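You will see two complexes here that share chain A, one where it goes with chain B and one where it goes with chain C.
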Partner chain A sequence: MPDAQDPLEPVDPHQAVAPAGGYGGGFDLAAADAQILEGPAGRAQDGGPLAKPRSLWSDAWHDLRRNPIFIVSALIILFLLFIVIWPQAITTQDPLKANLAMSQAGPSAGHPFGFDNQGRDVYTRVVYGARASVSVGLCATIGVVLAGSALGALAGYFGGWWDAVLSRISDIFFGIPVILGGLVFLSVVTNSTIWPVVGFMVLLGWPQVARIARGSVITARQNDYVLAARALGAGDSRLLLRHIAPNAVAPVIVVGTIALGTYIALEATLSYLGVGLRPPTVSWGIDISDASNQIRNAPHMLLWPAGALSLTVLAFIMLGDAVRDALDPKLR
Partner chain B sequence: MTTTPRPTAPEPEAPAGGAGREPILQVRGLVKHFPLTQGIVFKKQVGAVKAVDGVGFDLFAGETLGIVGESGCGKSTVAKLIAHLERPTAGRILYKGQDITDLSGRALKAVRRNIQMVFQDPYTSLNPRMTVGDIIGEPFDIHPEVAPKGDRRRRVQELLDVVGLNPEYINRYPHQFSGGQRQRIGIARGLALRPEVIVADEPVSALDVSVQAQVINLMARLQDEFGLSYVFIAHDLSIVRHISDRVAVMYLGKVVEIGPDAAIYEHPTHPYTQALLSAVPVPDPAARQYSGGPPGGASGGPPGGARGRIILVGDVPSPANPPSGCHFRTRCWKARERCALEEPPLTVPPEFRATAGPAEHPSACHYAQERLVVPGE
Partner chain C sequence: MGRYVIRRLLQMIPVFIGSTFLIFFMVYALGDPVAALFGDRAPDPATAAQIRRDLHLNDSLGEQYLIYMRNIFTGDFGTAFNGQAVTSLMGSAFPVTIRLTLVAVVFEVVIGIALGVVTGLRRGRPVDTGVLLLTLVVISVPTFVTGYVLQYIFGVRLRWTAPSVSPSAPVGELLLPGLVLALVSLAYVTRLTRTSIAENTRADYVRTAVAKGLPQRRVIVRHLLRNSLIPVVTFIGTDIGALMGGAIVTERIFNIHGVGFQLYQGILRNNAPTVVGFVTILVLVFLIANLLVDLLYAVLDPRIRYA
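Entry: the complex of A and B
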């Protein structure tokens, strides 16, 4: 905390310990004890005893607030969440209302993005499409982070057979090609909710987080403070929850934030291929799929949902980057 | 560097073994082998690193046993074995006569209250996500019978005060402290349960020299105040001498010489101890001319430098494949055939038995010889 140093007291009390005596010439008990007593008082300069303590999280927040990339991506995501929760605030129309007379018509008053093949308002569909994309992305990320970090943390903490078996299983899931797997698994599903898609993403996504969690748990497990707690008699659950998890969670959060963007893109890809979400669900992927063979006649049908998708994915990936930078102590 | 004994500490003249006193901690034939394995799923043991290979000593109430030795000699593993952070491959650890080697669960937890550890690196031994109050208070969470819940905050502040930190720092995080202050926090955590034995694994090696003195003196003061017994591990000979009542010298997983600090430092009989002591830098240019033996490794004498420094040739052998017989024989200028065949026991060498002199202390050498290597003070 060099920024908190008081310039009036540049000398750290510890630097001032009787160099004349040193300990080569014998420890000067009295002098050293005096230093012990002075220590705290002298040290009070760096913020005073009442200074607000700053943890890694508040340090990270301090960094993030000054990062323009974070501010831009956070604003985009906040706006996105706003229209997910309350789409009626910015559009009064029904995304499912079709007026075939207006099929593929360009922008007009009240319909700034024009109409799609079925004569539905593209602007309204883009707004409502956020709901499906963001729900799939959030649910898949939550599932992946919970499953992956729990399994990875146990593998990293206990090691041995459990670790070996889990690592091989995660290798198998890593080996499944996402698109091919999606075509195979999801084509047999007839449920039109978001859950089959979310389930598929969790099934294929957990090994990524499990590996990260395993690695960071192994790193954290070797720290002396974990040994110290064990020497005090702490049990496995206390060691994992109080000492290891808080110090191993940062990389998982970063991977999760970045993965959220890719899950939204994956949802669109699967929907485009006809195995993701299905109509009447409103989704950017479905709209992009519908628009793709009309691109010469009505490019606006493709560009708006595709633009919204790209912006959303970009926002989450930028947020992940910014969070990673803020949480990486090596950059401090 | 010349070493001056702590002015307040009387030099214990009792022979090794502290006649008549009951040892608080007895270590007998402690062995720790770390398996070397090959293969990923089906692990096959291809050998073992013999980190600790038969270590035994006693620790008496209120005394400090220093353990010295170079990097990789197994000092830290001994510390972890005593603190029950590793399970020994063989050997026994007795606390007040009770065998605690194979304890687990509740019984182990109870013993842990009495044996605590202070770690080397104050930057990794404190959880960065916990406040100082939580760190020092954690022992009370784990052993709730020690302090009632309402009393804990006061107890933590008391401990901060005892180690010379401002009790108002209770809500701060470790990164807001300097290295020396962090080590005090680590000591306070170790003291929280009022243990009788503290195993300090190089507690000052990571600190500035100026701060080392403060922490050492703090530990000495706490020893008097709480009647602690220390196992004090370090590679800095002058620090060990300053704080220790008795000293054990380790080489490649074994104790080679053990005895009262004055006997070890001024009357070493094991060639490794002599070489180790002769490597201590002498700040006085005139003292460099001190000659402890014929230079250049003349017949029978150790290979020496200009000021009598014994310069060992070669490296420490791999603990995965230690030499037969005496572990030190590959680097010893006195080594003969017997050293390769017979492992020297850690006992008082026959030539010094019943001499009642300071050289009468256990030394694991067939050809033990008294030899002054540290210039007189």
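Entry: the complex of A and C
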């Protein structure tokens, strides 16, 4: 008999939220909502019998183009990517150049956000800070989605002991609170690149995606077209890659998009706690941490990077929300 | 039910061992606890060797883990960097964090469910859209940002509350930190309640209750809310463990001497007994909370029966 807790699974993705303290919460929202998405293949085609039926993706794109939330968040993200690639386009200064005479000075001509504790230009640091945040977010999401969906899909497809072992292993990772784990794992790292942080996020993040991928593969596996393909002699890898994956990928994409925002927030939190990115890397989290002692004298040092960080996270979470709405057959 | 509980408890064992071993491994394998004890100075080799022997640091990692676990089950969590027993640190830290968590949960329940009901009943109206956007914003702003901003506004500017919490941490001083800790989860509770209420407003039993002439208030509270709150209750249950672990940031902002504070000190000083001990307890709390939530679920929803 299958696990008695199975009937609970769809309403019990909240286990996923726990490690994060706050930020992992994003996955939970995505997970709860992504449950609705499972089995997108079963959705009705609109457009009547004569119209050429649109695929899930063109349907979603059709919806997205008309969604103001999507447009706003996409514009913010495009702008972010632009300054990540080419920060010199909107600032000519050096984010590391310090002029102690200007320490904590307020806004002035050419320095719209003022100066930080070390006399560095806050505006320039905010612009360059996007680089670390977005690259950590993107790399961690790509890693988590690849590792999580591969392991989850294999568990869902093959079932049996592989599934049981993988579920227990992911339970172990769920049991470790994310911020705590980050403090323990990263406090001994002295490398100042983004890779330890990315690696840590992938290590603790994959079970969330694996759980979603497993669920949607299990749903897709039972569809008639999979049985038909198997009857025609298709092998496991062909079934998984050509028939199941395209029909199970939507929930993973939704979770991934929302997770991107939460990883950016998590990077900032870890950097704030002093174990994430380290100077001389320019990071919003480090700047906020430095500014937090001086909030009474010079709140501008904290508010600008905090605002940029919040706007970035908001943009990715709104994008994820919009993508979920577009891919969610229930709302049609 | 009994068999289900037993099986769940058995399933918890490998998870407990796995996660504590992982933390144990990271703490012990990656840092040198003896060097950390001496701070910046180099330890005297003989003393260092003595300490290594006393702490069983020359044994293999597996043996060390077994010794540690055996001590834990006899109530010996080791000593912190300042010579205090870890258990006495726990005795002072956990009550504070539990109070903070309770304050946060009360905020979640009261504000989150109220907002969720209001928006769920008015889906698509301006109130609904406004609150939904607000929850997105709240979810997006990291806790340490909201923490500092609210501390600055209410503690420093308006002086409504003390900007930092005294060591005894009375509930009155924990209101603002509790709100900060709760905010993100509060937004999730709002969204979850809203979805759940909106789905159930069209349910047959609601129509029946309206048709037989019950006042609206009674329909909402007795029929709609009772059924809609099941996922919310499970969320809050699992969230308790998360809040206790996530309190590390909030405790740092408001200088609260709770679990997060002690853990942070332990990590800074590379004191393995403190870190592993506290994390072990947190993992246990988390596992038990999850189990209780699953059991509670069966109580709340009679359609679910555990074999």
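By definition in this document, the second predicted complex is superposed on the first by the 279 of 332 C-alpha atoms of A that agree within 3 Å, B and C clash if a C-alpha of one lies under 4 Å from a C-alpha of the other, contacts with A are read in each partner's own complex, and residues count from 1 in each chain.
By our rule, a residue touches a chain if its C-beta (ideal position, glycine included) is under 8 Å from a C-beta of that chain, and two chains touch if they have at least 3 such contacts.
These figures come from a predicted structure and were not determined experimentally.
Undergrad: Just to be sure I read the superposition right, which of the two partners does A:Ser187 touch: chain B = first, chain C = second, or both, or neither?
TA: Only chain C; A:Ser187 stays clear of chain B.
Undergrad: Report for A:Arg168: first if it touches chain B alone, second if chain C alone, otherwise both or neither.
TA: both
Undergrad: Which partner does A:Pro246 reach: the first (chain B), the second (chain C), both, or neither?
TA: In the superposition, A:Pro246 touches chain B alone.
Undergrad: A:Pro112 contacts which: chain B (first), chain C (second), both, neither?
TA: neither
Undergrad: One more residue to check, A:Gly233. First (chain B), second (chain C), both or neither?
TA: In the superposition, A:Gly233 touches chain B alone.
Undergrad: Classify the contacts of A:Ser292 with the two partner chains as first (chain B alone), second (chain C alone), both, or neither.
TA: After superposition on chain A, A:Ser292 lies in contact with chain C alone.
Undergrad: Could you say whether A:Ile176 touches chain B, chain C, both of them, or neither, answering first, second, both or neither?
TA: second
Undergrad: Jot down the residues of chain A that show up as touching in both complexes, chain B in one and chain C in the other.
TA: Correct list for chain A: 1, 12, 14-15, 17, 19, 21-26, 28-29, 32, 168.
Undergrad: Within their complex, state which residues of chain A touch chain C.
TA: 1, 4-5, 7-8, 11-12, 14-15, 17-26, 28-29, 32, 168-169, 171-173, 175-181, 183-185, 187-188, 261, 265, 268-269, 272-273, 288, 292, 295-296, 299, 302-303, 306, 309-311, 313-314, 317-318, 321
Undergrad: What residues on chain A touch chain B, complex-wise?
TA: 1, 12, 14-17, 19, 21-29, 32-33, 35-37, 39-41, 43-44, 46-47, 49-50, 53-56, 164, 168, 223-225, 227-234, 238, 242-243, 246-247
Undergrad: Can you list the chain C residues touching chain A in their complex?
TA: Within the complex, chain C touches chain A at residues 4, 7-8, 11, 14-16, 18-19, 22-23, 26-27, 30-31, 136-137, 139-145, 148-149, 151-152, 156, 184-185, 188, 191-192, 230-231, 234-235, 238-239, 241-243, 245-249, 252-253, 263-264, 267-268, 270, 275, 279, 282-283, 286-287, 290, 293-294, 297, 304, 306-307.
Undergrad: Which bits of chain B are touching chain A when the two form their complex?
TA: 1-2, 4-8, 40-41, 80, 83-85, 108-109, 112-113, 116-117, 119-121, 124-131, 135, 138-139, 142-143, 164-166, 168-169, 171-173, 175-178, 180-181, 186, 189, 193, 208-214, 216-218, 220-221, 238-239, 242, 283
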